[in-house]
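Residue numbering begins at 1 within each chain, and the chains themselves are lettered A, B, C and D in the order written.
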Amino acid sequence: MKLLYFASLRQKIGTPEEDVTPPDSVRDVAGLIDWLMTRGPGYEAAFENRAIIRAAIDQEYVRFDALLGTPSEVAFFPPVTGG
Amino acid sequence: MKLLYFASLRQKIGTPEEDVTPPDSVRDVAGLIDWLMTRGPGYEAAFENRAIIRAAIDQEYVRFDALLGTPSEVAFFPPVTGG
Amino acid sequence: MNHVQTEDFDINAEIAALTKGRSDIGAVVTFSGLVRDVTLTLEHYAGMTERELGKIEAEAQTRWALQACVIIHRIGALKPGDNIVLVITASAHRQDAFEAAEFLMDYLKTRAPFWKREGEDWVEAKASDDKAAARWQARKP
Amino acid sequence: MNHVQTEDFDINAEIAALTKGRSDIGAVVTFSGLVRDVTLTLEHYAGMTERELGKIEAEAQTRWALQACVIIHRIGALKPGDNIVLVITASAHRQDAFEAAEFLMDYLKTRAPFWKREGEDWVEAKASDDKAAARWQARKP
């Protein structure tokens, strides 16, 4: 599964993009975050405050209870600050 | 007293500007309009519908009960349509 | 800062004049009014127009935190697609710039002594413009 | 019609592109967002940005009678006074053009995946932007 990280999440995790293979028990976005947080302190720091995490599956905003399915990409990022 | 007319009022009265000497009994804008309407059918047509007449004394909007005093100019015109 | 002129205006140049050398402006709003499907002749009450535009601008300055604003209004013969009026507001924040630009247009439409003629017919004032201007009265600071 | 680009934009040229050859546009509103006293780096989620801008524009088109609109957003390194974003709306009437431009900016600020960095610090999202975007929810058509 292709994961993308932007802005402060990218900095904390240390990469803009990675391919991961989560276990079958990971069904939704919340489960994916739980699993990512077991992968090291960078991930822990990145996902510590879920209130300021936004998620997108295939470039569409999703809630954390959204099922993952078989996406082309899943992205995590902080609240946007453009404009 | 210098009078200015704009837009449809100018067309109906037939001049953009004139100097008039109203009688002493003419004290306010309403009185001036009453007196002007005695001056001919063009004036009558121009001032017929007072709801759509705007007046300005020395380039400031005034109500019809405003006293004339000794102004440099008094202007009459229809509701504005710029912008 | 306000102008009444026959020639067209240049929005880029007007914005540049307002923002040049400044770094306290975060938001610039422009409104341009254009002639639609008719041919218009614009006349105005020279002298009073400039006074009214100045008053409208001063009122906007008291109501919103504006770094700058400008009103440019054309007069004379205008054809479809031509610019008629330009309002620019500059502020630290977008809400001030947007509201002030709307206010300037609403007040200009109902107070500045311009008149449009379409062929031989004078354009009539619109009740919707009076209503738009009236909403700012309720919000007087 | 929407663009994400590193280079600056030309408001005159963008307005001309929207209005050229048309006589059904009576009102053009532009909003430019500028960098204030800091140096910024803008990054975005390429692909999702364009989709979100397209959705925001489509939503504006359903809510207001717009003849045209465009959103241009810059990315990369920007210094004080530089343009960041441009929104243009064109309509027959000014109320539609003004409201749609405000809506586009409010939605862009809260939905389009751009992030600003000031030196080493990421700019934090503002509650006032969420509040500004929320007011349009209550007015859903």
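Here, contacts are C-beta pairs under 8 Å (C-beta built on N, C-alpha and C of every residue); 3 or more make two chains touch, one makes a residue touch a chain.
Keep in mind that what you see is a predicted model, and the values were worked out from it rather than measured.
Within the contact network of the assembly, the step distance from subunit A to subunit D comes to 1. Subunit A and subunit B, compared by their mean Cα positions, are separated by 73 Å.
Centre-to-centre spacing of subunit C and subunit D amounts to 22 Å, using the average Cα coordinate of each chain. Rounded to a whole number, the gap between the C-alpha centres of subunit B and subunit C is 27 angstrom. Distance between subunit A and subunit C, defined via averaged C-alpha coordinates, is recorded as 48 Å.
Residues of subunit D in contact with at least two other chains: 33, 105. For subunit A, no residue reaches two or more other chains under the stated contact definition.
Every pair of chains that touch is listed here: A-D, B-C, C-D. Residues of subunit C that touch subunit D in their complex: 10-12, 15, 19, 21-37, 80-81, 92, 94-95, 97-98, 101-102, 105, 132. Of all the residues in subunit D, the ones that touch subunit A in their complex are 33, 42-45, 47-48, 51, 73, 84-85, 105, 108-117, 122-125, 129.
If you check the complex, the residues on subunit B that touch subunit C are 4, 6-8, 11, 52, 56, 59-61, 75, 77-83.
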